[in-house]
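One chain, subunit A, appears in both complexes that follow, with subunit B as partner in the first and subunit C in the second.
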Partner chain A sequence: MGLYYKIVKKPWPYWVGGILLALLNISLLLITGSVWGVTTGLLYWGLFIIESLGANPASWYYFNVYSPGFRGGYTLILNPHSVLNIAIIIGALLAVLWANQYKFKKIKNMKQIFFALAGGILMGYGSRLSFGCNIGAYFSAIPSFSLHGWVFGVFIFVGAYIGTRILYKYII
Partner chain B sequence: MASSRIEELKRQKKMEVSKKRNQIPYAILLTIAVLIIYLIITKYQITFGNYWVIGILLGITIQRSRFCFVASVRDPIMVGSTSLLKAILLAFIISTIGFFIIQYNAIASNPDIRIQEIPGQFSPVGIHTAIGAVLFGIGMVMAGGCVSGTLTRLGEGYAINLVVLVGFIIGSILGTKHFSFWDKLLISNAEAIYIPEYLGLFPTLILQLALLCVLYYIAHWYDKKSNIMASTM
Partner chain C sequence: MAEYKLDCLHEVCPIPLLKALKSLEKMEIGDILIMHTDHNCSIANVVEWTKKQGHYIDYIEIAEGEWEIYIEKAR
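Let's look at the complex of A and B:
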């Protein structure tokens, strides 16, 4: 019961999480040849939606310059990025269910929706400029010895500082 | 909102109240479903199975350790706590060593390797990287979650993170649509910079490890000095 309680019920210390995330990212690079990234998969979902609505994003400038280059058998929905993202959602659900801690949490108010939507849009737009989010352009880029990871790491603090000013002003 | 510690205590309290209903049968069902999906997608394409397993483990790890990149940059600013930042620096130290070994082997087996072929993540670096990171930093503090955190909390049952996800997808599409503007202005002049190309692979490894250790030490010192929520770890 002691070990079960420690692993399944009690939160793990942050440093355990850090070590495991690092080992998983190394394993991913070793086994699949690509590192952990989140944004590309979500961009593809968005492209799938607007393509279904009749747009033709394949003709956009972005895809002529930085072609994602689908290999055989991959689509906007069925690709490694998607599989990884869906697996993260399911993994988290699995963890809360085994801990008996799943609970659906409703949206509180319009203010929360506004901040969630605006925050999401800023993150999405920003991640296109920096070629990734705090995973692809930071967590995976710094250990790759790519300079853009360090630049991202410095300026995400600048953004977070501005963000906390906004929070102080409008929420707290 | 003032600190993740308070949020955590509130969450724990809520969970104690909702503990009555037994969720283990659902856990068993989902575990079986995860295994079946593994078998199906592995048959479709072997690499998908690898992504699936590692993704599941990433989700479990982020959820169980309450790992949060937002708190790692927000808490030092708001409450002076750096325990998450230190965990990320620790992760950087370990993954730097792991990535180094993988890159070393790749370069040793093919000395004429091009940057694009070196295992890892390389993107053009420049002012656009800084602008993107600032926008991202503002957005993740406003939304109260980064992208991986949003996925994890979606799994935990937070409805609000569906809104964050929709916003993120809208933002990505807008960013992609406007890309030609930024590319002509900034990005097309920028290049991906692989630091070992300038300093050598071994010196870069030593320098980066030293820098990460110094940052860890500073984060540790800063926490001791300015953490208003003593003993958060």
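Let's look at the complex of A and C:
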């Protein structure tokens, strides 16, 4: 068992990933002054698409009451959220290429398309109601000593429990 | 001693783990479950969960990014 196998090919234990994510998030806060989040970047991309289709989301009630944090000087790609999201994709790609595990995933069946789309829409909608996903509103909130991270965490477990039960009983 | 095949290709967490759980429930002690997956999380979470349950498990990479996971039901 060489070093290549141990470090590059074999999945790292969860505790190693946990410590690394914590250290990286602390460095991110130190260097940029804000913590890691994912869905806000996706929100910008979504808004860009519907704006190019002719809609005017800036006039929507939601964005007038709750600022999406799109500051002056940000562009679609040149904002911290998009840069981080793209970097995550590049980093993940490098990791699988290095491990020789790159593979195109096919769509299995219509059922998979339906549930993937439905799940994506539900998660996107939920992430806007809670102002973040399991990264921004949970993983980054708890080390910031914010109570909302703990509330989010409790309901992740409730949701995951119910979701898994439904999945196990009726879907797979 | 029967052998069961489980196709988990193109499926992501937690589907492969739940499918394995469901198959193992129906199997007898000593039966073998062969999972075919291309989701690299499965060789972490399925392996960890199965070991915790006390079953025997091993896996090999059969192609780039594709694995076969062998589980023998032990209890």
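A few notes on this one:
By definition in this document, the second predicted complex is superposed on the first by the 163 of 172 C-alpha atoms of A that agree within 3 Å, B and C clash if a C-alpha of one lies under 4 Å from a C-alpha of the other, contacts with A are read in each partner's own complex, and residues count from 1 in each chain.
Keep this in mind: a contact is a pair of C-beta atoms (placed from the backbone, for glycine too) under 8 Å apart; a residue touches a chain by one contact, two chains touch by 3 or more.
Keep in mind it's a predicted model, so treat the numbers as computed, not measured.
Following the overlay on subunit A, a clash is recorded for the pair subunit B and subunit C. Judged by the touch definition given at the top, the superposed model places A:Gly18 against subunit B, while subunit C stays out of reach.
In the superposition on chain A, contact of A:Ile88 is made with subunit B only, not with subunit C.
By the touch criterion defined above, A:Gln112 reaches both subunit B and subunit C. In the superposition on chain A, A:Val96 contacts both subunit B and subunit C.
In the superposed model, more residues of subunit A are touched by B than by the other of subunit B and subunit C. Put simply, subunit A uses residues 11, 14, 96, 100-103, 105-108, 112, 164, 167, 172 to touch subunit B in one complex and subunit C in the other. Note for the complex: subunit A touches subunit B at residues 7, 11-33, 35-39, 42-43, 45-47, 49-50, 57, 60-62, 65-66, 73, 78, 80, 83-98, 100-108, 112-113, 115-149, 151-164, 166-167, 171-172.
For subunit A in complex with subunit C, the residues that touch the partner chain are 9, 11, 14, 96, 100-103, 105-108, 112, 164, 167-168, 172. Every residue of subunit C that touches subunit A in the complex is listed here, in rising order: 9-11, 14-15, 18-19, 21-22, 38, 40-41, 43-44, 61, 64-66.
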